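Dropping the structure in here first, questions after.
Chains: A, B, C and D, in written order; residue numbering restarts at 1 for each.
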């Protein structure tokens, strides 16, 4: 389980949210409160949108609390839309290529959760990535595979629908292979304009995910940070939160089709 | 293109071969003579057999010449069979998981060469790795994929035959996808007892590979190093050199079936 | 505060003590029980004596729990005398050169503790290192400075006396500069034959340090690990434990002269 | 010997100068033409001024050509004044803390050259750094020591004069210790507004240093890069080039007092 934070709004210096607040993401790396693994020391990363259509990306294997480059970057970079992530490795080695966020073209993605039985399913999950996107597979995490598979399912056009289809396909593979652990998914995705935050799990117990409004815009995070902890709202299970570039936000149902039908096909 | 060295014989300290000689592998990392890329600074690694049936493994992204851990290890470790590799990245990011050698159970593998058109072929090459071995896929190089696919083809039982079948299957995928660049392969493999050194290319121009006898045993290397450069023999193209634990060595033809028949199938 | 372990006895594989036991050092890296900072994720290292008079050294900035090279080394290397350390940075950046243990010639050293007011005292502490040893100063920790200063004070001849003099000189500098925090020192040192374990603090509250006998020899550690927690003995405050190559062990007083006299000199 | 580049002018994206040009600094890292060591693979770094008075800093031990974070940063960050450096280690381990540029408060510094006999002089050079600045000593290079010593000599007030005094003091220590190798100094320094570029050596053979005007401002570099190689001017030996925030540039003599008198003092 990892911890992450995403911001969308007026441009702010990244350390405003990431370093300064009490119980900031960087503090959570050493002592998360709402995670099964309190230490998230297996790498960290930030992605941000600036002048270019594609995001900037910094990822490193060091724990966030000891990474001088990360601290300097957060202190310097002002952005209207950024992601930050601290990792507790569940699948994939401790390696820069396995750190979040992941970028492809204009798109940015990060994830907290897991594909149940991933080690046995890996080749089948990889097979959900189209040939044209496969060269972008740099690491071996389930998270990067979900992102690339979702791009293949139309993430650029209709993000929530593509994500529903992708998780449906993965759940299907899990069912076919008899995976006993659930598919759990708290994630953030951006096309450089909108921010999508997802919370869903095949067993109804997704990782925690919160959002709140601050003066400058919206923050989404694995767990509350900063002063006013009561100002945070939980993203309900089975929900996608969409924040438009205009600042409009809406919650909508996020529904993944149970792979029963597919199991039936397999039985046929 | 990378540079590598393998040793098999009486136990010796690794730095005897790797650090001390004139034009040693570590010197070659900075200035190789027989390679298209003279600088091999994209990571390094050693694998060695000691008391355990499985080899020890040290791999790092730093250039070999600046890696204090590598120097200390080579200075301390005595081994009867070891591999060393300096990398110039052709496929796969600069990452520890993409450094050679690769280990699986008792087996050790390293490679210099390339799969032509690998970026487009990657998913198909990955599909040659059996499900049971896929969890061992830690990185994204063509080299690691060849190794795991060969394990699936029976590398543990009849190594040269399994390697011929593996390269045949890969050549077949290349033909099906219309790859225009060749498949080139200079590699070393060990099961912990025997050392196999391969030199072959689909276009008849494999990377260089040499061997020589020293007092203590056999050395195989991408290019000659040490004092007596004339003592080195080239491994002929289309040949596998096998060195038995007993010290017996033999050269045998290494033949990969041209994918013409398969192309015919595809045409049918 | 860091965690460490040292072993001296019949040669054993390092992972016997470091990885396998319940609450092993590597487990302590993520969740120490007797340390002010439960996470020791700012690097790790091992030093070991083999065939060479000088020790082998492996140090890295990654947390011990995610370091594949460390795991492989511990799995392969058999040693009669080894040190292992996981770091929680108090002075000095997160960098390989600041990881313990430190080596100089035949000597190995690691430390848990601190020099009170070190940031203001650094130049004066560095000045305690003789010119001839200064080139070996690779990093910026107080621990490495103590080691090099002690070598200058005769650590090679009479280790405990040299260490007493060194800590006395440091305490003197602290007094001269008006440092308000204490000097705390739990440390291990070896000349390749004997193992010295020190526990002392200027305020009488040194970091914890334990020792026990196992079948193969002696273990010294920051906190008990393994099964029989009751088999561990605390090294008393103000004591040095010496383990001879013969297996003989003795506890002796370790007394550092209070810098009152020196303060008087300064006042004069 | 290292390679570096500094820019001062209208804000531009860093990769305009660092990545895109033929024979760019990143290409020079692998194959410098005017350096004794053609490979500069022992780390890299950039420093840049943005909205904050203090510069941003990114430094890493990887060779510049394989560092994905560096590439992304250079692609995203727009700056009116930035430094970039690729290192070939002469003094100090391969470590992030030994990579250039170095920052202190608003000031940024990078260096190509050496203090002759530095390994024997290190403690004396360190002693030139005032206590108040010593906590900023993060690594062990001669370059960082020159920078901190120069801050102690008044670099913030009159940069060229402070640098002359600092090099004079170092030359004096070299003379006292009988160093036989020269003091060579090509360096860039900024206070966030002005850019100073120095070229001087005790033996009259300083490392190469060039400058040119481009549409947007001034570039200073160890060796010419980009298309119009004839547009580059060499900074004469014994000269400091100052570029004001206004865009005014001037060359002035840079004279370091020969330590003969001091040697006489020592003899007296």
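Assume a residue touches a chain if its C-beta (ideal position, glycine included) is under 8 Å from a C-beta of that chain, and two chains touch if they have at least 3 such contacts.
Note that this is a predicted model, so its numbers are computed, not measured.
> Using CA atoms for the superposition, what rotation angle relates chain A to chain D, in steps of 5 degrees?
180
> In terms of residue numbering, is the interface formed by chain A and chain C classified as same (over half shared) or different (under half shared)?
same
> Just how far, in Å, is the C-alpha centre of chain D from the one of chain B?
Computed from C-alpha means, the inter-chain centre distance equals 41 Å.
> Got the chain A residues that touch at least 2 other chains?
Within chain A, the residues that touch at least two other chains are 68, 93, 96.
> Contact residues on chain C for chain A in the complex?
30-31, 39, 41-42, 61-63, 65-68, 89, 93-94
> Over in the complex, which chain D residues touch chain A? Could you list them?
Contact set of chain D toward chain A: 13, 48, 50-52, 56-60, 68-69, 72-73, 75-78, 96.
> In the complex, go through chain D and note every residue touching chain C.
Result: residues 93, 95-97, 119-120, 122-124, 126-127, 129, 131, 134-135, 137-140 of chain D touch chain C.
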